[in-house]
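I am attaching a structure below and will ask some questions about it afterwards.
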């Protein structure tokens, strides 16, 4: 083989085509779509999902799955809201969210890495537990009356830039650096690609797997902070079902469920695609039942295109 | 079976060996590394019993033994992946503890594994330095430019021309092995363990590896080299240690031993490595391939296989041999040409092959040949299901009888038909893969590297079995990287280069020289 | 998917089913000790009938999971199937036509799923997740927020009736369990399906028509969902667009508690049947013991994890 | 493949373009909680009918995931972007909706609040009755009917949703007024018929002598009703919503009552008020929809399919 760089194959072509079709289509169909204000809308609306989908990419890279994330975000949102009411301190509030999330991550990681329970089963169990705890903590009520410093997280802006945008830019930068510029990132790829390689490199795969789930939990806490700020409330069922959106975004972005093959930027695009689809259909006033169909069709079509390109096994 | 009379631990001629180096260092008076009385028991298996071994700087120490003799356990003890139950390790005369891979690395021990320790979706550089990436100025962040520079340096050292940013999953098996070697070398190892490093390499790449080994030796690196290839053992080895059943049988000098002697020590009895067979007059044409091209890149393939003959398919690794086998069998999509089996046009699917009585014994037994988590019985019946049970209903007794017959016929060593396939040794697993086609009464066999990773005793059995098949009127197309096997076993052979067949050698012309000449010609 | 030594080593399936049966008995004894109402014929018949609907969904899903696949669309298939079939039964006044409709929808959905998974090689999780949304959307559009209800009593026998004092669904469940077990373990197709799950490449290279069998498996899963839709209609006497959303996860949970591995090649219908019973018993027990609703998700989650953990423990100690 | 994708693109774009039809009059956006509860279907039909009769058009927004508050907030953003003339909204969560309402206020789009009263923000008007009151009234009807004594079971909605919480609170308040009634079990059945039936079957084993069942919606009530009749229980049962199926059951005597605050009329009045406001006609600050407990005696006006119902004329609307 020569040193010629092989042409890098385009990743997630289905998603790319879908994005182009949607962007052009919505711009044609609705004059409001391509406005700066609406673009900002889409980004702000997608911020919580992105904060969950980025660490989900890590989890899926390890050949794992986290079904609990929606329930955990909900749990974190009520926990941090209660702390916010009690202390009024943004630092304490954020810490509470991240801590509760990380604890949920410890449970997931412990079940998966140490008791070796398949991720699907383990996180299905945690889902139930987190949902229960959120209900018990609140008695089923949303927790309102958050102080203004918490509301600032979604509603405020710094130097004219809305805070959620700063948060997701920072989140992406952190997660990108972590995945591609640190030894930990290489370990994440190895967890899915070849765990034996980690052992032989003197790295405990269990500890690394644990770290991935704890990281995911901590980000769920951060997502909960943004969500609570957006709702001005902690809500015990606010993010139920978000895990499937997150998994869909990650998969749309070209991350495979096997062998540690993935792409973080793809996840960003996947989240954007889901946001754009919902926003565009709303602007076109497409009925909700048709919207539901469209989401399914987007997912299937994006992968169909992929299939026509991939070589036979 | 006559067991060789040498008791383990008995002083051997090779034990007094000292390296012939110019360096007059006091360290040379003691071995670089010494293992004393290492024992290791896994649940139910005694893997190592009181194995002692010493390696000096600048020595290439060949380690021989059948599968299950304890070589890989010994290696794992050395690299810290497994800890010994008893015994001690001395490094430069001092006792040391190797409890983890990190300990081993600190002592300068590096291992080149046969089963790749690479991460498919990381690039070459990140693989080479996995867990050891150079740190940058920002804490926790990898210094990427240094990472790539260092990798380039190591790759140049072994003369391996590949972009360090290339993702490993895009590399072929041979190149992955080179990355594996680069990974071990990048650790500046003082003790290097290699497990069949040439198994996947072409001759040219092997030559390059041998040159590198010579250079490392000159630098005083101690090398433990595991191989099944006699030629390598004698060409490279300073000393040879033979393991059998977890014990050291003997350590000897190459000059003291003949290949037959080594095989006898490994197996515990005499084995004929020339694989004698009766050459007969071939019968009617069973397989006829005309102008076959496939999506995998092979083109214009013409070949025939007749009743009662073994036809070799050889060439360098990557020359397209496996692709030809897959295209004929219907595993890869064919773009042009035709395949006739027993005169009938082949439908181009694996299912059709099975129906026509054609069998494929694939290169990678575990990933393509067996359902490891299922039982021996399940695997044996897999290919024969539609013809054994024409009604569609599975009769347990019929199935059991059919499977049992093959177990007996092939001498498969298994506790029962309900044993999981993964519990069996490589040789027995290979027999199951062959056996499932015998249950299906196949008559045309394609063997892709049938003896890879199988020990010498089992190898002879496999070849005896193949001979039996052709004696009974079957036709065989056999791919092998070991040219001596082709020369000994085949009636004829086709030689491939660059995805095409470049020549056909009749029995009289069949020699390693001719194969290499055709395969390498530019 | 995960290459951890020891994890995929599984003992003979009969032993594992027996272990599950033991777990089920322990649960039963525990519940009868805690609640006097538990151990009555009526309650046990109730539990069996409740488990039946769950089992109809999980039976097809078990086959899918055996091939290392997943079918997230069964709930939505039931929703669409029940809504359309319900309308047909009402409007055409023919239970048979309705039954054909439900099975037809289930089979068609399964065919599409199977083609996406086998021909287009879309990961099963994604393909059936996309299908879930499409079907849900169709159900919403079709029903436009209405409920279809009130079916002839002859048809309702399928869900409500009794044969020899045993609820009809329970008898149908027993029949399905028997037929399904024979299919999975005593037919060529069943055996090929199991082997596809254990190693699809080896199966293909051994002449197994992998694509056709995969399509078959998803069609069977769709048909099972279609049949579940009929039983649902007969039992509940009504259908609306959102009935499926709460059905899929319990069906998957029953399969997992039943010992099937998501990595394929391992699992039995008998195991899934016990899984469905365990899950139903847990819910029954929580109702009988008046467990606060807030804690019910947690209890269910813990049971699922514990069941799988115990199973893995059993395998590890013996291997 | 390029050609195929170009064709696909053209097709899809055609579909997009075909969709952008524009109506003549005002555009009101109607935001409801989910597609599954018949109450909101009635509300949507009511709003559409009222708008049609006033020559305006309605854009319906329903979260694709039922009762998703974040999705409803996103839909508010999108409606503002789309510059709807007015908004009629039934908030998923009356507390968490407040930031969305404030955005609507900031965009100066008039908003009418229906069904659940938002705990903040400015509205042209509020139309509705709260879940608490309706649950309390319905429960009282049942408790009276069983003679103020005996065992009662409550079937709850989805834990964590505002309606479920409020209805449960209403039930409990009513129960407190009847000291001889014993609440023997209160279990969630998540507004689902199947779950209600199965939970009821289970509960009947431990509590065979139950005299009454309070279900937090009609769907659950009917599921429980089937379980009760099969077990031969004579327990009375009530639901909430006044759905068509419940009306039929009440008519045939299988169900005692269903609490209702008439989603259809709420939808009508919400749209009427929004349009009147846009047309600078006077509107009331609040319309309290009378909560009705539908029983055998007063079910006639409810026993009409949605399509056949007529919005009340403006004069008939109670203004308070």
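Just so it is clear, A, B, C and D label the chains in written order, and each chain counts residues from 1 on its own.
Just so it is clear, a contact is a pair of C-beta atoms (placed from the backbone, for glycine too) under 8 Å apart; a residue touches a chain by one contact, two chains touch by 3 or more.
What you see is a predicted model, and the numbers here were worked out from it, not measured in a lab.
A.B. asks: Compare the CA centroid of subunit B with every other chain's and tell me the farthest one.
C.D. replies: Max centre-to-centre separation from subunit B belongs to D.
A.B. asks: Just give me the whole-number Å value for how far the CA centre of subunit B lies from that of subunit D.
C.D. replies: Going by mean C-alpha positions, subunit B sits 70 Å from subunit D.
A.B. asks: Please report how many Å separate the Cα centroid of subunit B from that of subunit C, as a whole number.
C.D. replies: That gives a centre separation of 44 Å.
A.B. asks: CA centre of subunit C versus CA centre of subunit D: separation in Å?
C.D. replies: That pair's centroid distance is 32 Å.
A.B. asks: Please report how many Å separate the Cα centroid of subunit A from that of subunit C, as a whole number.
C.D. replies: 29
A.B. asks: When you check subunit C against every other chain, which residues touch at least two of them?
C.D. replies: Counting only residues that touch two or more other chains, subunit C contributes 140, 144, 201, 293-294, 296.
A.B. asks: What are the residues of subunit A that contact at least two other chains?
C.D. replies: Residues 135, 139-140, 194, 196, 287-289, 291-292, 295, 308 of subunit A touch two or more partner chains.
A.B. asks: Determine which chains touch and list them pairwise.
C.D. replies: Listed in label order, the chain pairs in contact are A-B, A-C, A-D, B-C, C-D.
A.B. asks: Okay, in this complex, where on subunit A does subunit D touch?
C.D. replies: Checking each residue of subunit A against subunit D gives 17, 20-21, 24-26, 28-30, 32, 35, 37-38, 41, 44-45, 48, 134-135, 138-142, 144, 151, 154-155, 227, 230-233, 235-239, 241, 278-279, 282-289, 291-292, 295, 305, 308-309.
A.B. asks: Can you list the subunit B residues touching subunit C in their complex?
C.D. replies: By the definition above, subunit B touches subunit C via 329, 331, 349-351, 353-355, 360, 362, 367-374, 378, 381-383, 385-386, 389, 392-394, 396, 418, 420, 422, 436, 440.
A.B. asks: For subunit A, which residues are in contact with subunit C within the complex?
C.D. replies: Interface residues on subunit A, with respect to subunit C: 63, 111, 115-118, 120-122, 124-129, 131-133, 135-136, 139-140, 194-196, 244, 247-248, 251, 256-258, 287-300, 303-304, 306-308, 310, 313.
A.B. asks: Under the definition above, what is the set of subunit C residues touching subunit A in their complex?
C.D. replies: Listed in rising order, the residues are 1-4, 7, 116, 119-123, 125-127, 129-138, 140-141, 144, 201, 249, 252-253, 256, 261-263, 293-302, 304-305, 308-309, 312.
A.B. asks: Please output the residues of subunit A touching subunit B within their complex, sorted ascending.
C.D. replies: Within the complex, subunit A contacts subunit B at residues 1-3, 5-6, 177, 181-183, 186-187, 189-190, 192-194, 196-203, 259-262, 311-312.
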